[in-house]
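Per-chain residue numbering starts at 1, and chain names A, B, C and D are given in the order in which the chains are listed.
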């Protein structure tokens, strides 16, 4: 699942639905933040909630880090330690589950 | 695109406190900060703080109202810093045990800014932020 | 029991930031407020604000430490108001997505006080509160 | 269940246990705050959580209001509208489930 554009209060309910849908689709959810231009604390917290939910259900959420300013928000609220981040996705995984949100 | 300061007396925006106002405010203040000597990194910190403060006005201020009132954003260049004010005319900053938010907004605004003063509007809430920015030469 | 002001230069307490320190701080400041012209009702508001600020120091400030550091409480009578400072030397006020608290502390401190300024200690957090209290005659 | 003394951070875990125990005992829990001398936001929030839990389980939590300063805290954090408060308990209920906490 790829997130693009700006994730703020105007997009949170859409993000929440998308994260629920992704969880229903597969036990491994890869969330690619590289095309994201902005994220706020409430959107980042939704990603944490999704991670908890997916792990509780026996799945796994892997987050592909966004740019420096995107990652800075995760670090500021301490989520850089609580989510499973990776720098680059395995080529195989990115292709199929592309999804564009907001913009 | 730096612009001479004389042509920028300050930023003042009054918007209805609805979710889409948050991006408008954030973009306006980020552009103003860039124009007044903030680095891209600094401008993005400022944009995030403004975004969180405006989100609070949208989410909390007009809870008791049928229609949302306004949120006002002001920015001005000061000696060595940028002053930003986010103000609403709502219920005033007070605890809300059923807050839909994760409770990160105020502490986040605090760490992002060099000074953060929360004051009462009359009615409403005034968030005054200062961001140190070296004076452009 | 009002006492002449000259005998009360101000209150200063340094405590280890453990849960039982909160009541000690609260009681000390409430007594100081009563001695300096606060009504019982006002003193209980002040005690609550101090309690919440000290609780934050106990719960959040020394999260990264093996042993809790200190929390300092100061109170002094000013012209027309009581100034209270709660300071710790911990991690600084910053967001914590796993906070065990309900997120009501800061907004509660804000409504209870007439002025609330959150500043950075070096390291740590300084909460400066002002409570308007008519000068005793 | 009667709460007495001061309920702050030093007492919250004890309060939480007591509320869980009270729930296990009866479907109607009466929480008497009249002997309380202090309560902070986290303790009041635990009472709200207990109310939610007890109602979800089909029970009911009734709170006997404390003095003015105790009730002021509930009003400040908006819980005066979210809990079922009463001014005086029915004589029959107070007697059996007395419990003293903190002090």
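Following the convention adopted for this analysis, a contact is a pair of C-beta atoms (placed from the backbone, for glycine too) under 8 Å apart; a residue touches a chain by one contact, two chains touch by 3 or more.
Because the structure is predicted, anything quoted here is derived from the model rather than measured.
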*In how few steps can one go from chain A to chain C if every step must land on a touching chain?*
1
*Measuring from the mean C-alpha position of chain A to the mean C-alpha position of chain B, what distance in angstrom results?*
26
*Between chain B and chain D, tell me the centre distance in angstrom, where each centre is the average of that chain's C-alpha atoms.*
39
*So how far apart, in whole Å, are chain B and chain C when each is placed at the average of its C-alpha atoms?*
27
*Residue numbers of chain C (touch at least two other chains)*: 94-97, 102, 104, 108, 111
_Junction residues of chain D, two or more chains touched_ = 41, 45, 76-77
_Pairwise touch network: line, ring, star, complete, or other_ = other
*Okay, what are all the chain pairs that touch?*
A-B, A-C, B-C, B-D, C-D
*asked:* List the residues on chain C that touch chain A in their complex, please.
replied: 94-98
_Contact footprint of chain B on chain A as seen in their complex_ = 6, 8-10, 38, 40-42, 45, 68-69, 72-73, 76-77
*Flag every residue of chain C that touches chain D in the complex, lowest number first.*
19-20, 22-23, 26, 41, 44-45, 47-48, 51-52, 55, 58-59, 101-102, 104-105, 108, 111-112
*asked:* With touch defined as at the start, can you tell me which chain D residues reach chain B in the complex?
replied: 41, 45, 48, 76-79, 82
*Residue numbers on chain C that touch chain B, as the complex places them*: 92-97, 99, 102-104, 106-108, 110-111, 115-119
